[in-house]
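Encoded as structure tokens, here's the structure I'll be asking about.
Chain IDs A, B and C follow the sequence of writing; residue 1 opens each chain.
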Amino acid sequence: MHFDAFDRYHEKESFLHKLDPRVKVLVTVIFIVSNALLPDGAWLAFIFAWLFLLVINFISKLGLGFTVKRSIIALPFALIAITVLFSIPGKPLTTFNFLMWELTITDAGFLRFISILVRSWLSVQMAILLVAVTRFPDLIHALEHLKVPAILTTIIAFLYRYLFVMTDEVFRLIRARESRSGGVAGRRSGGGVLWRAKIAGNMVGQLFLRSFERSDRIYNAMVARGYAGHLYTLNAHEMKSYDYFAAAFAIALIFILQLIGRL
Amino acid sequence: MLLSPAPLHIPDGFLSIVVSVICWAITIVTLYFAISKTNQSLGEKQIPLMGIMAAFIFAAQMINFPVAGGTSGHLLGGALAAIVLGPWAGMLVMTAVIALQALLFQDGGLVVMGANILNMGLITAAIGYGLYRSVSGQSKAVKLGVAGFAAWLSVMAGALFTALQLWLSGTSQLNIVIPAMMGVHALIGVGEALITVAALSFIMQTRPDLLGEGSESAKGSRNWIYAGGIISLLVVLISPFASGDPDGLERVAIDMGFIDAGQDAPYSIIPDYTLPFLGETALSTILAGVVGIAVVGAIMVLVGRGLKAKS
Amino acid sequence: MPVTHIQNQFSTPESNDVLIVNELHFSYPDGHIALQGVSLKLCNGDKVALVGPNGAGKSTLMLHLNGILNGKGNVQISGKQLTKDNLPSIRAMVGLVFQNPDDQLFSPTVFEDVAFGPLHMGLPEDEVRQRVDNALEAVRMTAYKDRLSHHLSVGEKKRIAIATVLSMNPSLLVLDEPSAGLDPRARRTLINLLRELPITMLVSTHDMALVKELFPRTIVMDEGKVVADGLTQDILADEAFLNQHGLEKP
């Protein structure tokens, strides 16, 4: 079974796809940092940041709306910020009653709330774009080049490789559980919460043992091919002049965004 | 459907740069120690082992069980990873899982990843391992009970740290975000505890050799017991204090320069959680927290006994 | 037409033995005795089937051929005694392909996996790339170089798994259950590939039809011992013997 649901890369022939993954990672991070640094209510800068995203969407040949469509993922978290609507002092905009409280939304609170949402929304789009135009193994190489410790990048590489194998195993376990948990009409099926938790826990335990044994077999397969505790990798990436140029250009644009936001 | 983002995965945009950078700093220093320690203790097998265990945690997070009313319990895994792999390896494994979730699925942000690793990977592992090791040599029922309690508390600690970071970033109001996060996670934590206990008891029965008390030295594990204990105590003390007397914590934060004083002067919206007979004092809220945690701990020990008796 | 012992005209008879196993004994730490005095010999160019019921000790034997397990007795590869000191060079000479390709292919991409062996032999980058190309060419998977491993079918994974050891230019190929889990077409492709590969191989399998079709010589193991070693057609003709060792005539 293939879990295409896990594949975030979209194959296209574009400048962005060919760009060195280091550049893409760096620009993404700098863009997100820049969003976090923009002051509340820097609408002009926010609009330009969004235009920047649109242009990148366009260059990537994924379509102008590509990232917007996928960007609602972080939205549920907005709930956590909702209290700023009422908690920051300012001119009252509207007052309403919610259960036992009288809530007043202030202009300053509203400004802050919307600014938080916009920052998050812009940032998540850039992150979506990063994995859409970069194959995940290349992303791991980029992290290696950017001096993330090899042991971490290696664990992530293993995790990425075996994500698919293990989730397959989980779904087999879940299917086996479901096919054995029939219900009789009119009766509650499935036992109590404790019992269900125990079944889930047993599945986790089972999965752990299988994983442990698998790691042994993989270790053997590595040793059989000369592994002796140190990992060697070949990194296929070399920064070309257009990579440097693209990086410099993007960073300059982000810098201008900051200037706009602070004018 | 597959990946329901847990409320602990903070997206980019919700934390200020200062808070993000401080969390990164703590995370990087801890990971530096984790890397050098695992290099010493696990040997050449560590790379495939930790890689596969990361995939295991990722996959195990998908195993859920229906609780009630369409909600389901599932695993975060920090405490479990630390208990079965040791604290340092557990931290690295959780770091890889959180990094992949952020990079590949945007489940949690990139610039705030340091905070997410700290909340979900480092603190959970320290509490899980520290508390579990404090009862090594005890009976199986006690071990399972403590493991369950540690799992529950690890989720609560993650929630508390998340709440504090959100508040320090000026994203949420302290006296709302702490009760809200802690309340929701008190329930989520029970799912975590149940699965952790059941999984551990399964491993204890089938492959007890794999739980050979880890590779930590006696001194090392004593340090972990202290570390886990101190963080647990912080959770117990801070959370009621913070929701009962937000002004106090706020002053500390202002003094330390996290918040410019003009930004927050929170209106009090939610009445404080207190024990009625003690009135509204910090002492009363701390006691309320202790009582709550003791009750949950007792339940976990009983559940551990029950599971053991059945099997 | 048994072609068991083709003499290679360019080498002396002594150096012609690619693999010599002599009186190998092994017990697992839990006390289970897996090998009780196994001896066998493979000459250059031999393609030999290793059959026997589950638990006969086939996999344990294979893990000894490149020193992952160390029992009593001795193992020689191309005239070199297997010891702790020359493990790296022995491992480069013995290409061990495990049964489950998901264990064998542990890297995110095909290229990284095929390059793993040569890289860990310490070869320079150009040579590594050349070897990857050659190995993929040999298993007819050149177009798959940049693919992600989890996108491959089981049959493709099996072929890539073989490429991951061919890239080390081994003098002996050891395969564990290469045809298990393959659909008929993928199995046919694999048989053709094994037939074409100009390399000495020892293949553990339950697929008796494969044995009959591909291997002139067969070694039968049971309860940790070699119980027969000879021409495949002779062994397969003795139905009583096959039944006695849990095997079936194809």
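Here, a residue touches a chain if its C-beta (ideal position, glycine included) is under 8 Å from a C-beta of that chain, and two chains touch if they have at least 3 such contacts.
Model, not experiment: these values are computed from the prediction.
The chain with its Cα centre farthest from the Cα centre of chain A is C.
Top-ranked chain pair, ordered by C-beta pairs in contact, is A-B. The mean-CA centres of chain A and chain C are about 42 angstrom from one another, to the nearest whole unit.
With centres taken as mean Cα positions, chain C sits 47 Å from chain B. A straight line joining the Cα centres of chain A and chain B is 21 Å long. Residue positions 48, 51 of chain B each touch two or more of the other chains.
Among all residues of chain A, those that touch two or more other chains are 136, 157-158, 160-163, 165, 214, 218, 222, 227-228. Contacts with at least two other chains are made by residues 106 of chain C.
Every residue of chain B that touches chain A in the complex is listed here, in rising order: 2, 5, 7, 9-17, 20, 31, 35, 38-39, 43-56, 58-60, 62-68, 73-75, 80, 84, 92-93, 95-97, 99-100, 102-107, 109-111, 166, 170-173, 176-177, 180-181, 191, 194-203, 206-207, 210, 263-267, 269-270, 303, 306-307, 310. For chain A in complex with chain B, the touching residues are 5-6, 8, 28-29, 32-33, 35-37, 73-74, 76-77, 80-81, 83-84, 86-89, 101, 103-104, 112, 116-124, 127-128, 130-131, 136, 139, 149, 151-152, 154-163, 165-167, 169-170, 173-174, 190, 193-194, 196-209, 211-212, 214-215, 218-219, 222, 227-229, 231.
Only residues 63, 66, 68, 88, 91-92, 94, 96, 98, 100, 102-109, 112, 115-117, 119-121, 125, 128-129, 148-151, 164-165, 168 of chain C touch chain A when the two sit together in their complex. Across the complex, chain C is touched by residues 2-3, 135-137, 140, 157-158, 160-165, 214, 217-218, 220-228, 232-234 of chain A.
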